[in-house]
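The following pair of complexes shares a single chain, chain A, combined with chain B in the former and chain C in the latter.
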Partner chain A sequence: MARALPLEQITATRPSGRRTRWREYRTGYLFVLPSLAMFVIFLFGPVIWSLLLAFQDASLTRREWNGLDNFRTLIGDRVFRKSLVNTAIYTAVTVPVHMLVALILAGMMKPLAARWQTFFRAAYYLPAVTSVVILATVWRWMFNPRFGAINQLLDLGPVAWLSRPNLALWAVILSAVLTIPAAGVVMYSAAMGSIPEDLYEAASLEGAGAVRQWWDITIPLLKPTSLYLIVMYTIWAFEVFERVYIMTGGGPAYATTTIVQLIFDTGFRDWDYGIASAQAIVLFVLVAMVSAVQFRLFRSEVEY
Partner chain B sequence: MQLTRRTPHDVSRTFGKLLVVAILIVTTAVSLFPLFWMLSTAITPGSATIKTPPSLIPLPTGLLEGGTDLPSWIRERAYVPTLENFRELSKQTQGNIWRWLGNSAIVAISITVFHVLFDSMAGYAFARKTFPGRNLIFGLLLSTLMIPVQVTLVPNFLLVSRLGLADSYLGVILPGFADVFGIFLMKQYMQTLPREIEDAARVDGANEWQVFWRIVLPLAKPAVATLAIFMFMRSWNNFLWPLIVLRTGAKYTLPVGVATLQGEFSTNFGLIMAGAAVAAVPMIVFFLLFQRYFLGGIRIGALKG
Partner chain C sequence: MRFTRRRAVQMLAAAPVAGLAVRGGGAVAFQDASPAASPAASPVASPMAGPVALNYTGSLNWYQFGYTPGGGTVASRLADEAVAAFQQMYPGVTVNIVGVPFEGGQQTLDTALAAGGNDAPDVFRIASDRLIKYVDEGLAAAIDPYMSEADRADIYPNVLAGVEVDGQHYAWPLWVPPVGVYLNPEIFAEKGVALPGDDWTYDQFRQVAQQLTFQRADGTQVFGFASAIQPDIINVWAFPYADGGRVLSEDGNQYTFDSPEAVSGLQKLTDLALTDKVTPPEFGNQMLADIVAAFKDQKSLAMYLGASGDIGTYVAEDVPFEVRPMPIGATGEHVTVGGLGTFAVRQQEDADRLAAAMAFGRFLTSPEVAAAVPGYFLAPPARRSIPIAEDNPAMQKFGEMVAYTQLMPQTPVWGQVSSAVNAQIQGAVTGAVSPQEALELAGQEIEPLLGG
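What follows is the complex of A and B.
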């Protein structure tokens, strides 16, 4: 700040003596304390505890160290592998579709009048303010073999979407894909709005058509937004739970069991804390890998 | 206005525009259909829920019974809307559905109020105060963004049980405070506020708490509103943690309660959808009232969807 301040204000902002400095420190600590205490008790502590549990044979009654046994068990566990594959399939399908749909819809909304943009954004976002639990409950009813909306409207006959092992995962994925990625649409819209119009005008003068402009101007300038969204959607997909828990409970025959569904089953149905923690650590590592990529890509743009 | 001849170029542009509008309308319909189907099933009389073709068109009694001249494709799909499912649901759950509504409100409001308070305090300290370890602490808090909440489920459950908070609202509420997003938001916003007003208040003899409470917090109102709405929505919809902590049916929050309905009423979709509607409608109304802040919240990357 280059502007000269009256003397008393300088002394008020810049503590000089040791006592004033300590007063400022103390205020800082006191204001941070409530949040920090919560983090220590309910996050940092539990994360360490979880790491310890992952190397223990721990259940309601037992608790002893067993080294890497839990991870060895996981490697040999067919259901765990199945959950990884299911989560991977879910992620591999939903993330690209969400990205593409968000991009296309935001692009289509761009030339519309502001009030129409607001209308469509709201219409896309409305389902997202409702709990996934509620939406999944509705989807389960829509997938009902005899009277559900899907079979009735598409006149498909009694297809048992959610109880056939080869269909169930795809039904869950379909329900996710048919949910408009509203956050993506809103973020892409905002990013597109900040691209200077004269870039397009210049490109027009040079004879570039709409497709060319889209490919050479819009897509490259949206890169930061795209990277952010792809990371967020990937993490959300890794952590998919409610949709599966409500629609299929992970069945039939583990056909839809995802990592988090399995952590829940292991920890709070079988009460095997050791294995559940090991599974959670694997999820942590997967998410951390995605976040690390994100952090590297965004380091230059995030300001603390 | 200027009269011009229509060139093929104009025609293709008009066609393109129509196509765009058509796609936007279709996607809107796809987006809203589950909510429509939920509300429609919730107000359909029990027997009409499970039939072919499905009941989709609500009509008043007079029209449906008196008017024989209705085309048969309407008649087959029409039903008289009723609140019967809500009454029945209330009776079958012994009023629990309304208790869940109250529980969700208590939990969501408590989390929101204290989260906003703690986050603003911490955000203020990180934005304005210098103290040893400030950047380290902030970096540490920020790094928790990478930790999936599922990692802490088992230890937090053990912790909450040991504290004697299993099956209690406090057990549902407390772990939710370990969340850095609000701190980050408040810090970013408070950094943009002018320091002079705070300094002037200090010169006038206000203590640190008064500066924060009377000067900074009111100035940060837009950020407070965004954060409050975000926190309220997230805690209202939260499922996995309350599902683990709560055991007694009467203490459930709405998502947990509604999730039990499908086990209880298996194919009575009228009742299940009535329960879903009780959970969804308050959030929908809330969204329509405060849309502006929601869209702001998404833009800063706060909201899922």
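What follows is the complex of A and C.
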């Protein structure tokens, strides 16, 4: 029978818990170190730096603490308020439409044979691997009032979609919602494929029709995917920049100016890094708040 | 054209010998050149200067927009030849050209300037309306200690004033691209409209624009006039300026573009769009590239406002075109607006390197480079002594405009001013707001920034 060693002897002969853990996981830590270093240097560091700059009067070579002055400036800035409204409208329209379109397309793909599903997933994913700059350039031409495809198709005459303050934002939104939400289609399609078939069989036996099955089985079981997608689409929508920059440059008369475009102009054109950082912090807080609400609404206890 | 030692010798033989003067801190300045040696064709004493003694041996960094190594573009080839000419004059100095793209390159330049160090730009291109920001940040060095009296006399006074901040000059003026009117003579001929003279008035301009707005038999709609209105493009400001409007007070501390004169000028612009409908439907948010395409490719635009930069494209592509000054407005005089391209030199502690950079910055804007590199100036030069090629009548026209070109005022918030005014002009020409409201709204954005 083994004799128990006194505590002092154990601590004297075995390395401490922390050292043991380090020895045990050292290889793992080394593997994640490059990735962690990149995260700290290029993401976490700049975020913290931006947070600090938001409370400073910062230019290219000078910095001076100014408390909440930058945020006070933003409150009185009519263009910033306009950019917030534009971004909110863009987000409020594009996110639900993208979610719905992705859901419908994935649903339509579900009954297809596997090879056709693969084909459509690839086809729908094509826009995601195409540069937004190219897409936006094409859309700008499509909205040309004289020879653009939109006016030709709708036979509306020379409607200047991108040059009228009351139309420009809606034209940009239209260009966004008519671009297939590739990530959503692929993720919903994969999620639908993993829902157990016996749930549908049982529902059929109980007399539930296709719509009822869709509503009571598919939709609830897609909640985790929906949560991920709605959060991601919301973040992407809040960060819209290239599409607007290419199609309208933020005009006319600030009709399409978005927050990120304003941050870009404030930081890189005006060298007002303090204000630009304050704008970025406001954007961060907004996205965080909206995401928190989305987490609350879409969280699901259901696992399958 | 290759720059050879022989050509350098010829050039230096033609140039008056210049000595050097050392002023505080070891800085080297160009001494006055002898007026007697100036070329007969020059209207003023030539400030041609030979090499000055430099205490610096090593390399300089020249950050140049749009440069691609190997002379891939005309501008790149000219840059290479200019550097070769300078290095012939100063064998101990090597110039590294760092090409930065026009799109996004400004951030590269700014970051490199802020970072400093041996690889930082010594000489860099900068538009005069952004210059004050670099001065405020201590990034641009004053050129006064290195500028001779002949240089001062040679540079147009309004141009020299364009690089002045608090009584000092901070960049070597290169060229002035004034805003003029490009005309498509084929469309004029098509409608039997005579080309206007240089002294045309706004009313004549308006009448011509109306006559040249028509539909061809094949259904193509031709428009009389267009211009880009974008945050950083001031071309259409020529209308308010022609009526006596000015965007800011002379000291740059007050917004004055809501004056009756400025409103009158903007009203004229909006009338073209909203009353006469001589502009394309996308006017207000039309891209410059689309305007040029409509002018030269689709032949569906008779006139547009532009600077001299488009001449090269039209000559290269054999596009027929004419240039006229802005139509005369309520002031009764020729007035136009324009930018000012300059070369600034980075402020640095090494006085010898700074002197060498100044020598290079001056050279890039000088009669010497004009003599060494034919075709170097792609816009009307900022100096009176540099002639515009006689076989370039369009550039000659732009050159005539330099004397009355209103350069934009120096203010650290120029980016915001330009952006705010243009955004509201977009609103006015699309009918969203009246000209009066537009210029007042711009003022509400700008005035808090000026702090006057």
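Convention: the second predicted complex is superposed on the first by the 243 of 304 C-alpha atoms of A that agree within 3 Å, B and C clash if a C-alpha of one lies under 4 Å from a C-alpha of the other, contacts with A are read in each partner's own complex, and residues count from 1 in each chain.
Basically, a residue touches a chain if its C-beta (ideal position, glycine included) is under 8 Å from a C-beta of that chain, and two chains touch if they have at least 3 such contacts.
Here the structure is a predicted model, which is why all the values come from computation and not from measurement.
**Student:** By residue count, is chain A touched more by chain B or by chain C?
**Tutor:** Counting contacted residues of chain A, the larger count belongs to B.
**Student:** Just to be sure I read the superposition right, which of the two partners does A:145 touch: chain B = first, chain C = second, or both, or neither?
**Tutor:** Once the two structures are laid over each other on A, A:145 reaches chain C alone.
**Student:** Could you tell me if A:269 is touching chain B, chain C, both of them or neither one (first, second, both, neither)?
**Tutor:** second
**Student:** According to the stated criteria, A:253 is in contact with first (chain B), second (chain C), both, or neither; which is it?
**Tutor:** second
**Student:** A:158 in the overlay: touching chain B, chain C, both, or neither? Say first, second, both or neither.
**Tutor:** A:158 sits against chain C, while chain B stays out of touch.
**Student:** Give one of first, second, both or neither to describe whether A:217 is in contact with chain B, with chain C, with both, or with none.
**Tutor:** Neither partner.
**Student:** Using the superposition on chain A described above, determine whether A:168 touches chain B (first), chain C (second), both, or neither.
**Tutor:** After superposition on chain A, A:168 lies in contact with chain C alone.
**Student:** If you stack the two complexes on chain A, which partner ends up touching A:46: first (chain B), second (chain C), both, or neither?
**Tutor:** first
**Student:** For A:60, select first, second, both or neither according to whether it touches chain B, chain C, the two together, or no partner.
**Tutor:** Second partner only, chain C.
**Student:** After superposition on the shared chain, which partner residues are touched by A:79: those of chain B (first), chain C (second), both, or neither?
**Tutor:** second
**Student:** For chain A, give the residues common to its interface with chain B and its interface with chain C.
**Tutor:** 144, 146, 268
**Student:** Could you please specify the touching residues of chain C with respect to chain A in the complex?
**Tutor:** It comes out as residues 106-107, 110, 113-114, 133, 136-139, 221, 229-231, 280-286, 290, 413, 415-416, 419-420, 422-424, 426-427, 430, 432-433, 444-445, 448.
**Student:** For a test of understanding, state which residues of chain B touch chain A in their complex under the given definition.
**Tutor:** 20, 23-24, 27-28, 30-35, 37-38, 41, 49-54, 117-119, 121-122, 124-126, 129-132, 134-135, 137-142, 144-159, 174-175, 177-178, 180, 183, 195-196, 199-200, 202-203, 208, 212, 233, 236-237, 239-240, 244, 254-255, 258-259, 261-262, 267, 269, 272-273, 276, 279-280, 283-284, 286-288, 291, 294-295, 298-299, 301, 303-305
**Student:** For a test of understanding, state which residues of chain A touch chain B in their complex under the given definition.
**Tutor:** 8-9, 12-13, 24-25, 27-29, 31-32, 34-36, 38-39, 41-47, 49-50, 53, 101, 105, 108-109, 111, 118, 120-135, 137-142, 144, 146-147, 149, 152-153, 178-184, 186-187, 190, 228, 232, 235-236, 238-239, 241-242, 245-246, 260, 263-264, 267-268, 273, 276-277, 280-281, 283-284, 287-288, 291-292, 295, 304
**Student:** Under the stated contact criterion, what part of chain A meets chain C in this complex?
**Tutor:** Those residues of chain A that touch chain C are 59-62, 76, 78-79, 144-146, 158-160, 162-166, 168, 248-254, 265, 268-271.
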